[in-house]
Every structure is written in C-alpha cells, then in structure tokens.
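Heads up, the next two complexes both have subunit A, just with different partners, subunit B and then subunit C.
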Partner chain A sequence: MLEAIYTVIALQIIILVFVPYLILRRWVVNLIERYAETRKSHFEPHVLNLLNDPTTTEPLESNLRPGDRKLIKDLLLQQATQLKGEDRRKMTAVFEKMGYVKNEMAALRSRRWWRRLEAAINLGIMQSQISVAALIHAVKDPVEDVRLAAVRALGQLNEPRGLQLLLDTMEERNHWTGSSIIETLIGMGPEINPEIVPRLQATTNNINARLLYVQLCGLRKIAEALEPLLWLLRNPDQETRISAARALGQLGDISAVKSLIDSLDDKTWEVRAQAAKALGALGDKQAVAKLKGSLSDDNWWVRHNAAEALYRLGGEGIEVLRETSHLGEEAPRNASAQVLAERALGV
Partner chain B sequence: MARILIADDDSGSLKLLDFRLKSVGHETILAADGGKALELATKEDPDLIVLDVMMPVMDGFQVLRKLKAREETKNIPVIMLTSKAQEKDVVSGLEGGATDYVTKPFSFAELNARVNRALASRRQN
Partner chain C sequence: MFSGDSVLINIILGFNLAVLGYFIAINSIYFGLLLISFFSIHRYRRRIQHEQWRRIIQSPLTRPVSVLVPAYNEELTIVESVKSLLMLEYPEFEVIVVNDGSKDRTLEKLKAAFNLHTIPADIEEKVRCQPIVGVYRSPDNPSLVVVDKINGGKADALNAGINISRYPLICAIDADSLIEGGALLRMTKPFLERPEKTAAVGGIVRVANGCTIEAGRVVRAGLSRAWLPLIQTVEYLRAFLFGRSGLSALHSLLIISGAFGVFRKDIVIAASGYRHDTVGEDIELVVRIHRYLREQKREYEMHFLPDPVCWTEVPESPKSLGRQRNRWQRGLIDTLCIHRRMMLNPRYGVIGMVAFPYFALFEMLAPIIELSGYIIVSLSFAFGMVNFPFFALFLTIAILIGVILSTGSVVLEELSFRRYPKTSDLLKLIATGFLENFGYRQMTVWWRVKGFWDYFTGKKAWGMMERKGFVRT
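For the complex of A and B:
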C-alpha cells in the first residue's frame, strides 16, 4: 500500500516537473527558430542582390548580432550550391571578400574533426583558388571523411592536382566511396575527359575501378571512350559487359549499334537487357528485326526492355509491337501489349 | 515582359528563380508544389512555366501530363528543372511535351536564353 502511494507521488512529481520543462523547452526552441527566421528574412534580399552586384556586401557586414555571420554564411552557401557559371563565380568573390574562405581554411586546422570536415565541404562549395594549398594539406588528414571531403573539394575547384587525387581515391576505395566521387566528377568540365579514358584502358586487373570508369564514361558521354567500351562489350567479366552496354546507350553514338545488336545474344540476361535498352536510346531502326526476336527471350526483363526499345524506335518498331500483341506466343504477346498499354496511359 | 509561373518545392531555389527572372523584367507567379502549380497555370494563364521535377503532391511529370491534356494549358511552353541531367528525366520531360530543360545547379544566363527562346517560339505560333 505504501509502495503504491510512493509510486503515485513520484509520478506526480515527474509530471509536475518534467511536463513544464518540456513545455518551456519547446517555447524557447520556437522563440529561437522564429528569431532565426526573422534574421534570415532580413538578410535574404541582400544575399540575392549580390547576384546583381557582388560588391554590395555592406548590409551583410554591418550591425550584425551574435549568430548573424553564421546565418549569412549558410545563406550564401545555399545560394552558391544552386548556381553555376558567372553567378557562381560572383558568389566565390563574395566568400573571399567577406573572409569566409579564410575562416574555413583556418577551420581545416581545428582540433575537432567534424569542424574540419565541414570546412572541407564548405571550401568545395566556395570554390576559391586561395584554398587549394590548404585543401591539398587536408588530403593527409588522419580522419578518412575529412580526406575524402578535401579530395572532393579539390575536384570541385577543377584543380588538376585535385583531379589526380580524386581519380586515385576513386580507384583505391570501396565501390560506395567510388560512386560518391563519381557524383563530383560528373559535375566537372570537359577538360578532365583526357584523363579518364587512359585510366579506363589501364584497369586490366582492377574490376572495381574499371566499372567505375565505365560508369563515368557513360554518364559524362565521353566520345573518346567509344572504342574501349566496344571492346569491353566482349569482356569475360559479365559485370563489365553489363556496364559497357549501359554506357554505350548513354554515349549516344550509333556506331555502337551493330555491337549492341550482337550483345542481344549474350549468354547473360542482364547484358541482353541492357543492350536492348541501349538500342532504344540510340534510335537506329536497323535494330528493329533483332529486337523483335528478343521479344521471345527467356527472361522477362529482356522482353520488356526490347518492347520498350521498339516503342522508342517509333514507326516500324511500334508496328512490330502492335502485330506481336495480337499474334504469336504468350510471352512476346504480353511484353508488347504491356508496353503499348503503359504508353497509352502515359506511364 | 512575360508572366512566368515558377514551380519548385525548394524555397531557396524558388526565391532565387523569382529574383532572377524579376531582375530581367518578367512578372512571376510562384507555386511550391505540383497541385498549386496546376491550379495557378489554369487560373493565371502564364506565358511560360518553369517546372521542377521533384515536388510534393504531384511531381513535375504528372503536372506536365495534365497541362498537356487540358485545352487551356496545352500550349503554354514548359521548361523542366532537373537535377544532374538524369537522362531518363530529360527524355521523360521532352517526350511528355516539355519545351526545354535546365539542370540544377543552373546558370542563369542559360536559363534566361532558354526562357527567351521558348517565349519567342510561343509568340511566333
């Protein structure tokens, strides 16, 4: 009985103390958020106006309250990530003028690794050439995430030494890291293409690196990669053949059509499926006859991709689908009918 | 100059586009989701629509399909905003009837040129 009373009393104390604490905490957080929103609304027009005149930084540097400088930095970074070209260069000039680049360079020497990481990421966004030396030094950071962020930042700066580091890191790390580096490489200018094809050709023993380079060649549509990719379409490794077929579709060069048609007979269904998809993307009607044959493939994905490709080829391809959707065996009939129905619905 | 409807769920991107297009003399109408974009396109009859792909309520492709299916909106040129020029997004957009596309991050000079081209083409038609 006594225990029950103590329990009730304890619960009441908890409720009387804890609940007001939660309410007060929520109220304070809301107040802080509202204040931040008010300050943000105050600075936003001035941040936007920098795009018209990057020298008008005075409203962003005078009468600042505690916390304003960080808020302004965040607004500038957010704006910079949405821009490229001349507008992006204006933002870089603003970062330099307002001292943010120097601050982040100093932060690369912080004892807190998360601050160093944030600094490397921010310097990548700021894209200031002043920070190159500091970022190269940060590539030797003891923390891997910081090293990776520094390498990426150098890549974003289109710094040649950075590119080498980026490609070396992509080859040496696991597939996940390599894929995240590819995201950075996709956004870089055409001047990096001459570096990529020779590296692709040199990946004889490193399948992981080869797959990443093939992916990169396709996504960047590197015309010079056509011959190596056609050769890789015959590689004994099936993952390589699958990636090469995909990349050839992305490249958009119709010289690949004959080789891709041959790949519709590959022993691996994923290769056949990718080859069918690539032929649809390339849009050459000489693939129609062979794609019609692929409608009878053993594998559903191959049949589906072949039907999609025929639809994309238009005219003759759509005629084949219409014929097949009414006549013949069940598998090709279903594949054709499904694609025609999906397209009619706008799916 | 022209009335342009901008549809983007990212408030930063929306404000940026609004600011930039106004700075070259256009009048803008803003929508933060696909449903609102469709409603405003029908109600306000803009000269051009800048349409983000990834949006809540209705994504850009669904909005585009509905715009092209309606008599009152089918002739409004649409410029799609896509991230990183994913090939499938670009193909879907153009096949769905979009006039043009711009990838994010975007260069305003490029966007402005495509806007002007689309508006000129609409005037000619």
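For the complex of A and C:
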C-alpha cells in the first residue's frame, strides 16, 4: 500500500516538473529567437557590404556580444549559398580572414557527431582549400552522415586529392552508398573526366563499381566513354546492359544508334525498354522501323518507351504512331493512341 | 463459504495478478518506447538540421514519385486535396486520382476543376484490380492523371493506381488528407541515400481539425474546439511521435499509415500489391512486404520519419470514430491472423520475434484485457476482495501513467517540431491527456472490443466517415 502511495507521489512530481518545464522552455526559446532576429538585422547590412569590399570585416568583428559570432557565421553561410563565381571566392576569403574556416576544421574533431556533421557541411559551403586535408580525414569518420558530408564538401571544393579519394571509396564494395558519391561527382568540373573512363575500363571484376561508373559517364555526358559503353551493351550481366543503354541515351552521340537498335532484341525487357528510350533521346530516324516493331512487344514499358521515342523522332515516327493507333492489335494500338492523345493535350 | 465461491475467488485473484503483470509490462514497454523515441527523434533532428533540400531537388538521382489518391465519394474535399498535391515541392511527380466508382459527384467535380480530357490508355495489370473505365489528363496540369474505375474498395483503387503509374516510387495517401509542401522531398530522402535497401517510408499524420487552412495548405496549426478531435490530436501525437518512432528505431515497424506512405513500386508489385479482402490494407501490405523480403533473404530497411507531415480530418462524431476504430481493430486482427506463421518465427528476425508478439499482445489484445479488467475489478469489489483505497490508488497510478505518456509526447513535440505556436495549446494538450481517461478511453475500448466481435462474426464492411471538407476551416 505504501509503495503504491509513493508511486502516485512520484508520478505527480514528474507531471508537475514536466508542465512548468514546457512553459518555461517555450518562453526562453521565444525570447532567444527574438533576440537573435534583432541581432541578425543589425549585422545583415555589413554582411551584404562584404560583397563590395571583402576587407571590411571590422564591423563584424568588434563590439561583439556572446553568440554574435555564430549568428554572423550563419548569415555569411546563408549568403554564400546564393553566390557563384567571383562573389563566392570573395566570401571564401572572408571565412578564412574571420577564422571561421579554422574553427570548423577544429570542429571536425569534436566529440559530438552532429557538430562534426555541421562542420563538414559548413566547410563545403566555405570552399576553402586549406580545409582539404581535414575533410579527407573526415571521410574516415565513424559516423556515416559525417562521412557523406565530408565527401560532398570535397566535391564542392573540386579538389584533385579529394577526387582520387572519392573514386577509391566509391569502388569499395559494401562500404557506403555510392549514389551520394555519384551525386557529388556530377557537380565537379570537366577536368575529372579523364580519370573516370580508365577506371570504368578497369572494373572487370567489380560489377557494383562498374555500374556506378557507367551511371556517372551518362550523367556527366563523357564523350570518351562511348566505345567502352558500346562494348558494355553486350556484357553478359543484364544490369550492366541496362545501365549502358541508359548512359548511351544520355551521352547523345548518334554513333550509338545501331548498337541500341540491336538491343531492342535483347532478351531482358529492361534493356529493350532503356534502348527504346535512348533511341528517342538520340533522335535518329534510322530507328523508326525497329521501334515500330517494339510497339508490339510483350512488355508494357517497352511499348510505352517505343511509342514515346517514335513521337520524339517526329515526322515519320508520328506517322507510324498514327497508323498504329487505328489498326492492328489492342496493345500497340492503345500505346500509340495514348502517346498521341497525351502530346495533343501537351502533357 | 461454498467451495464454488472459493474457486471463483481464486480465479479472480489469479486474473487480478495477471492484469497487474500485463499493466506493468505494457507500461514498461511504453516508457521504453518513449525513451527510445527521444533519442531517435533527437538524432533525426540533428541529421536534417543542416540538410540542403535544394540539393535533393536538383539531384539527377532523386527518383520520381507517383502519388496515388484513392477517392470514393469525396466530392467535398477532393478538389482542394488535389490542388494541394499539385503544389508539392518535388522535381518530378505525378498525381493519380483513382475514382473508385463514387456515387456522388467526385469525378464531375474533378473534370470541372481541372479541365480533364479522356484519353485512350495502354494499361498493364501488374496487380489485380477492377476494370478501369476511363483515364483522364489535364492540359492545365500535366502531372495530373485521373482514373475512373468500377468500385472495388480502397485496396483495389490503390492497385489500379499502381497499374497506371509510371514512376519507381509510389506514395499512397488518403483523399481527405493534406500533404505539406516539402513532405514528399523529406520522405524520399532515404530512397536517395540507400536506393537498394529502402523498401518503404512512413510519415507522421497530424490532426487538421482546428487548423487554419488556405489554398490546400495548413498555414497555422491549431486545436479543435470540439472534444473528440482534440483528444485524437493527443492520441495521434502519442501514436506517431513515440509509438512509431520507437518501433522504427527497433526495426519493428509494422504500420505505415494508409494516409501517407512511400513505397518502392517494384517491391509492392513483387509482393502482389494491396490485398482486397481485408479492411486493414495498409498494415497488411507492410507486413506482407516484410514477409516477402525476409523470405527472399534480402537486406532492406523501413523507416518512420517524424517530420514529413500529412494533415488529416479526423471524425468529430462518436459514431464515425467508433466505426473507424472498429475497422482499425479488424484490420489488425486480420493481418496478424493472415500472417500468423510469422509469429515467434526466427526466420522473420525481429519482425517475427519482437514486432509480432508486441502487436498481438499489446495492441490487438489490449482492449479485451482492459475490458476484462473492468469486469473483474467490479467482481472483486462484489466479493470484497479489493479494498477501496487500494483500488483508488491503482486507478490513480494507471491514469497518471497515461498522463505522463501523453505529456511525454507533447514534450517530444515541443523539443523537436513545435508545430503548435500558442502556449495555451500545449496546456490544452496536457489537460486533454488527463481528461481522456474518463469516458473516452472506455469508449475506444468498447469500439475495439466490438471490432473483435465483428471480425469473428464475419463483418467485412469499411464503414463511412462523414466529411465536412477543408474549405470551411
């Protein structure tokens, strides 16, 4: 009985602590937010002024109150994300001059993972070359989010040392997701292209890495990858053939048309569907006759992509769709009629 | 005392002890889930705090989504819902509204509002559904597709949507729900980060009654003045913020709400789509996907994310609410019965060994045990086996624990998302967490027990909810 009474008292105390805590917390948080807004509006004109003269950091460094440096950093970061080219480089100089880059590099060694994460993201925005070594080190961080942020930051820095590391990491099987690295690599400059094609050709035993390189070649439209991709279109692995067909469509080189036409007879429907889509993207009328045949394919995706491709080829292709939409079997008739009706509506 | 009486007394005593044990176990689990949720939501908040959503919008790897909206007699809300969906911030998506043979003017309203034109269509039946009688597209809204089909129920309508969809991810939502602008972007983040592993993601469902809604968007969260929606607001916070967050952290998520979930289409098709013969098609699909992927020995993940928000209109009348809870209960029983071989089966890993027993014992059987508790305690009184002070203390403890759990979810809300701007709203939510113990809780127990009865007597109907429509708010 006594235990039960104690339990009731304990539970009541918990509730009595919870409720005032909630109210007090909200009041304090609102107060802090209002104060931060006031201070931000005070610093905003000075931050904008930095674009005209990056050396005028003095108003942002003197007479600061506690918490002001973080507010200024947030304002600068916000500003930097909206800038490109010369203006962006000016902001990098400001970050370095005001010591924010060094602070964030130090934060990459913080015991709190979320601080390391924030530091890696911020360094990506700050784009300072002096942070490369620290970010390369962060790619081995025990927390995946920090690693990914470091990878992205290296990508934003467009740094050759970072590139080698990114490609090596991407090739590691079962390490961590390749798609985040791909996403980073897509944003890097054209100077990385010569690194990628030889690596694609060297991935004979690592299918995962090969698929990632094929995807990368397509998304980056690397012209030098044409021959290796045509060769991979005949690879025994169906995933490789699917990716190669997709990448060839993205590359936009009409030398691939003949091989892609052959792929419309592939035994795997995903390859046929991707080949049809790629032929539509390449826009070469040689493909019309074969695509017409694909309108009768057993698979819906092949029929649909073939109809879409024929429409994209224009003239003869549209004529084929018009003919098919009135005659013959139900499936090709409907596929053709659907694409024609959708395009007529502009959808 | 007769020997018969002593047997009865022993049974009652034994049952009282069993109820006490159950009470301790269920509340320990709830407190455990609350604690896990605190850490898991804290971690999630930290992860997305600095996320650059523009990066996801611009990424060529972001996968397009087909949003499926099954609609049956939704003339009051459908136009507003579709307008809201068409405004979603997402790089590539289509909204597929499936008019499931509505008897009202749902289709006519859509035709008039969106300038719909009928088009011929090549449709492949990837999953089974009733015949589609028309497909409509809108020149004004290229991402809108409206499908008109013979009535077959919600699951059937979703299957029709899957058959017509063109994108690799599908997002199933209710026609009476409003999705926040950036919610889809947040929901698909796991699919971008782990495309091979992520099978499904569920978002949080919040109560829209009482909120300020403009042009299909919740512009200010608020609380309803009516009692039932207010209590449901606390219930939803509890169920999602600590229930599903905690279960997701334990890899034991069995429910992704039918009102808002994103799935990989190829996996849904491989698992045969939504099942027609159950009223709990959302939970059944999730369990079947678990089962399929475990049997295939594939590595996969399912997540609950606490910040992509779907606002939904909840029932305001006891009759509608009773029907809804009855249906949820029948759906749960049905799913657990259909997949009973997963129960305590190590082949299904944590799903078979943890999630299934938890859902069977502490979700499915909870109303039966609670009702039995009420009856036996009354009998105990009748036999003079329980003294009043002890009974009153036990009841007080039960209520206080309920209040702490509700307050805990309000604290979680305040520490993380702070959707309710007024301090008075917080106090109202806490007070509601206290008051729901008197009357409302007993009513839900009754509806759920009735769900048991209806299930075992073969009732399969869905039951309708009266809609008022969002526009009025």
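Note that the second predicted complex is superposed on the first by the 259 of 347 C-alpha atoms of A that agree within 3 Å, B and C clash if a C-alpha of one lies under 4 Å from a C-alpha of the other, contacts with A are read in each partner's own complex, and residues count from 1 in each chain.
Just so it is clear, contacts are C-beta pairs under 8 Å (C-beta built on N, C-alpha and C of every residue); 3 or more make two chains touch, one makes a residue touch a chain.
Being a predicted model, the structure only gives us computed values, none of them experimental.
By the touch criterion defined above, A:320 lies against neither subunit B nor subunit C after alignment on the C-alpha atoms of chain A. Using the contact criterion defined above for the overlaid structures, shared-chain residue A:135 touches neither subunit B nor subunit C, since it reaches no partner. Contact with neither subunit B nor subunit C is seen for A:276 once the two complexes are overlaid on the shared chain.
Of the two partner chains placed around the shared chain by superposition, subunit B and subunit C are both touched by A:81. In the superposition on chain A, contact is made by A:186 with both subunit B and subunit C. Of the two partner chains, subunit C is the only one touched by A:304; subunit B is not. When the shared chain is aligned, no partner comes close enough to touch A:105: not subunit B, not subunit C. More residues of subunit A are in touch with C than with the other of subunit B and subunit C.
Judged by the touch definition given at the top, the superposed model places A:51 against subunit B, while subunit C stays out of reach. In the superposed model, A:242 makes contact with neither subunit B nor subunit C.
Comparing the two interfaces of subunit A, the one with subunit B and the one with subunit C have residues 81, 183, 186, 346 in common. Those residues of subunit A that touch subunit C in the shared complex are 1, 4-5, 7-8, 11-12, 14-15, 18-19, 21-23, 25-27, 29, 81, 113-114, 117-118, 121-122, 145, 148, 152, 177, 179-180, 182-183, 186, 219, 300, 303-304, 325, 331, 334-335, 337-338, 341-342, 345-347.
Only residues 44, 48, 51-52, 78-79, 81-88, 183, 186-187, 250, 281, 346 of subunit A touch subunit B when the two sit together in their complex.
Within the complex formed with subunit A, the subunit C residues making contact are 46-47, 49-50, 52, 55, 59-61, 117, 119-124, 137-139, 142, 166, 192-195, 389-390, 393-394, 396-397, 400-401, 403-404, 407-408, 410-411, 414, 418, 423, 426-427, 430.
Residues 12-13, 15-16, 19-20, 23, 65, 84, 87, 96, 104-110 of subunit B are the ones touching subunit A in the complex.
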